[in-house]
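These notes open a run of structures that come right after.
There are two complexes below, and they share subunit A, which is joined by subunit B in the first and by subunit C in the second.
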Partner chain A sequence: MSDGWYLYGVTHAGVELGDAYTTFDGALPRPFLVIDGEVAAITGKVSLEEFDEARLPGLLNDPGWLIPRATAHQDVLERALPGGPVVPFRFGTVYRDERAVRTFLRSNAHELTTALERLSGRVEMGVKVFADRDVLTAALRDTDAPVAELETEIASAPEGRAYMLRRRADRLLDEAVQQFEQECAAESHAAFSAVADDVAVNPPQPAELSGRSEEMILNGAYLLQSVEAINDVAQELAQRYGGSGVTFDVTGPWPPYNFVPSEFA
Partner chain B sequence: MQQQITLLELVDRVLNKGVSLSGDITLSVADVDLVYVGLRVLLASVGTLEELQLRDDT
Partner chain C sequence: MSYPERSGQRRVDLGSTRGGGPAQLADVLERVLDKGIVIAGDIRINLLDIELLTVKIRLLIASADKAKEMGIDWWQGDPFLSGRSDGDRALEDRLRRLESAAGLGDEAKQEGSGRRRKGA
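Up next is the complex of A and B:
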């Protein structure tokens, strides 16, 4: 069975990688560069028997196979980052031979060079914002004016009326929680965007994927020059929203997975 | 806990973002439908992840 050419990403032809790749040890093959003109493909040779279209869906659903390989993919790209900008490829892109890799580089040289210039000196940071509904609900019960008014009325109302008012108060509180989450997400995104050169908003992950009991209210990616700037914004927002049960998870720097040219996305 | 989130974050990016091509390639994850749905269910199994991390650590 012949080999395929696994593509990790694309970088500048003149990139200095030192021993970043010779010391790589992971579940995917050791990377090397295929240079064509001004751009270079970061590739590795994989067995086409393993990376077979018919087998792939099964393998992708096997965490024992997938997770070490996805980690290796990320590791290779991370090792390339100190050398200069990288256009990351999605996991599992395999070309039939070196000629096909070169054809891709040559026919997309302009787009790739432009993308590398845009990414130069910039990193992707991820921000996930979580709201703890219990804490937020308790906080709004005390601070939301219409709800607080109803609570006062309920305290002195006869039983039947109190029951009706209670239902109304609960509904108002639910609405206040949702509105707070929407506003918090929008304001947070605006604050992060203000220090970023480009932004991408992804759908919030459901709790089963995030593994957290809190509600994810923002799943953003930001392309920027300063990691400190985004950390500062996160800290400011955490202080402002901390009492309402909102937390900010900043990750990165990542290879700019969310900022590849739109024609390749 | 933090480690798991990082792992999920990684899979979320590596599998769902980045350059995705069709054409002169023999294989692309983008061509495989509903991968993510299956993956989501698997990743929800915290036990599996912990087991894998242990294996990685040893």
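Up next is the complex of A and C:
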């Protein structure tokens, strides 16, 4: 059976990739460029027998098939980053022949060039903010005024009333924790946004995914020119919120997955 | 144009975490399967299939390393994961329950984004 053309992304036609692609070794094919005018598709030849519409649903549902290929997709785009801006494609875009790849490049040349210009000199950084609920709860128990007042009242109340007040204090404390987390997430996002050209907020990952026992309260992506700037903001925020059990996890630079139009012609 | 060393560009001195492990894999999958440009290629890839899988991975990725440590081929034994379930119907139902339990449904996504965007 014949080959298909897998699209990783699009970059400038004049990009210098050095040995970034000749040294690539992964579960997807070694990438090369298909150049048309000012833009170039980062593409690789896959077996159409493997990328077959009837087989794909099964393969996509097999992590043993998908995970190495998704990781290879990321690796290819990451290797292209030092050469210049890259427009990443979502996993699994396949054309039947080179002509179809060229047709896509030609009919979307303007949109692709515009996207590349917007991304030029900019990187995507990820920021995940975590709150340690135990530390935060302990901190707020001492500092939250309504809770502190109730604690004083509980200390001198008769047993039955103390029980009622205790339940109320616990509820107030839970609310204070949630409010703190929301405000912290909003203020952190605002601080990171201030140094970014574009922002995207994704749903916080559950603990099963983040691999952390703390609560993820912000899962943001920021497009920016200065990597140092986001690091500085993260350090400032970490100092400010450190006593409340909040930590900041910065990742990147990433190919700008979060900053391309998701639908294309 | 010079080509920087890969080790140099991967870690701008940030204390950033781009190492291995489930958390890093989760970040990669979140982007590669959920973001980036979508075009209609010649081979139709069912995005719903990817979304279903993404959520399954989201919920189960962290258990992969643990299972491996215990010598379990973690996805092979689970009909849900290995795609051998009786039908898409059952899969979707189960997924919907998992999504809602994990707060990962469409509603939860929009709500989450909306609330936090206000702070911008």
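Note that the second predicted complex is superposed on the first by the 261 of 265 C-alpha atoms of A that agree within 3 Å, B and C clash if a C-alpha of one lies under 4 Å from a C-alpha of the other, contacts with A are read in each partner's own complex, and residues count from 1 in each chain.
To be clear about the criterion, a contact is a pair of C-beta atoms (placed from the backbone, for glycine too) under 8 Å apart; a residue touches a chain by one contact, two chains touch by 3 or more.
These figures come from a predicted structure and were not determined experimentally.
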Exercise for review: State whether subunit B and subunit C clash or fit side by side on subunit A once the two structures are superposed.
Suggested key: clash
Exercise for review: Go through the superposed model and pick first if A:Thr103 touches only subunit B, second if only subunit C, both, or neither.
Suggested key: first
Practice item. Name the contact category of A:Leu209: first (subunit B only), second (subunit C only), both, or neither. Key: both
Exercise for review: Could you tell me if A:Gly26 is touching subunit B, subunit C, both of them or neither one (first, second, both, neither)?
Suggested key: neither
Review point. Is A:Thr251 in contact with subunit B, with subunit C, with both, or with neither (first, second, both, neither)?
Key: both
Check your understanding: Does the superposition put A:Ala70 against subunit B (first), subunit C (second), both, or neither?
Key -> both
Practice item. Compare subunit B and subunit C by how many residues of subunit A each one touches, and report the one with more. Key: C
Revision key, fill the gap. Clash check vs subunit B: of 3-11, 21-29, 75-83 or 111-119 in subunit C, the offending stretch is 21-29
Point to revise | Shared subunit A surface residues [contacts with subunit B and with subunit C] | key: 4, 9, 48, 51-53, 56-57, 60-61, 63-64, 66-67, 70-71, 73-74, 87-96, 100, 104, 126, 202, 205-206, 208-212, 249, 251, 254-255, 257-258, 260-261, 264-265
**Study point:** For the subunit A and subunit C complex, residues of the former touching the latter
**Key:** 4, 7, 9, 15-20, 48, 51-53, 56-58, 60-64, 66-67, 70-71, 73-74, 78-79, 81-84, 87-96, 100, 104, 125-126, 182, 185-187, 189-190, 193, 199, 201-212, 218, 220, 227-228, 230-231, 249-255, 257-258, 260-265
Point to revise | Touching residues (chain side subunit A, partner subunit B) in the complex | key: 4, 9-10, 48, 51-53, 56-57, 60-61, 63-64, 66-68, 70-71, 73-74, 87-96, 100, 103-104, 126, 128, 202, 205-206, 208-212, 249, 251, 254-255, 257-258, 260-261, 264-265
Study note, to complete from the structure: subunit B contacts subunit A in the complex at 1, 4-21, 24-32, 35, 38-44, 46, 48-49, 52, 56
Check your understanding: Which residues, counting only subunit C, touch subunit A once they are in their complex?
Key -> 1, 3-4, 6, 9-10, 12, 14-18, 21-39, 41-46, 49-50, 52-53, 56-64, 75-76, 81-83, 102-104, 108-109, 112-113, 115-120
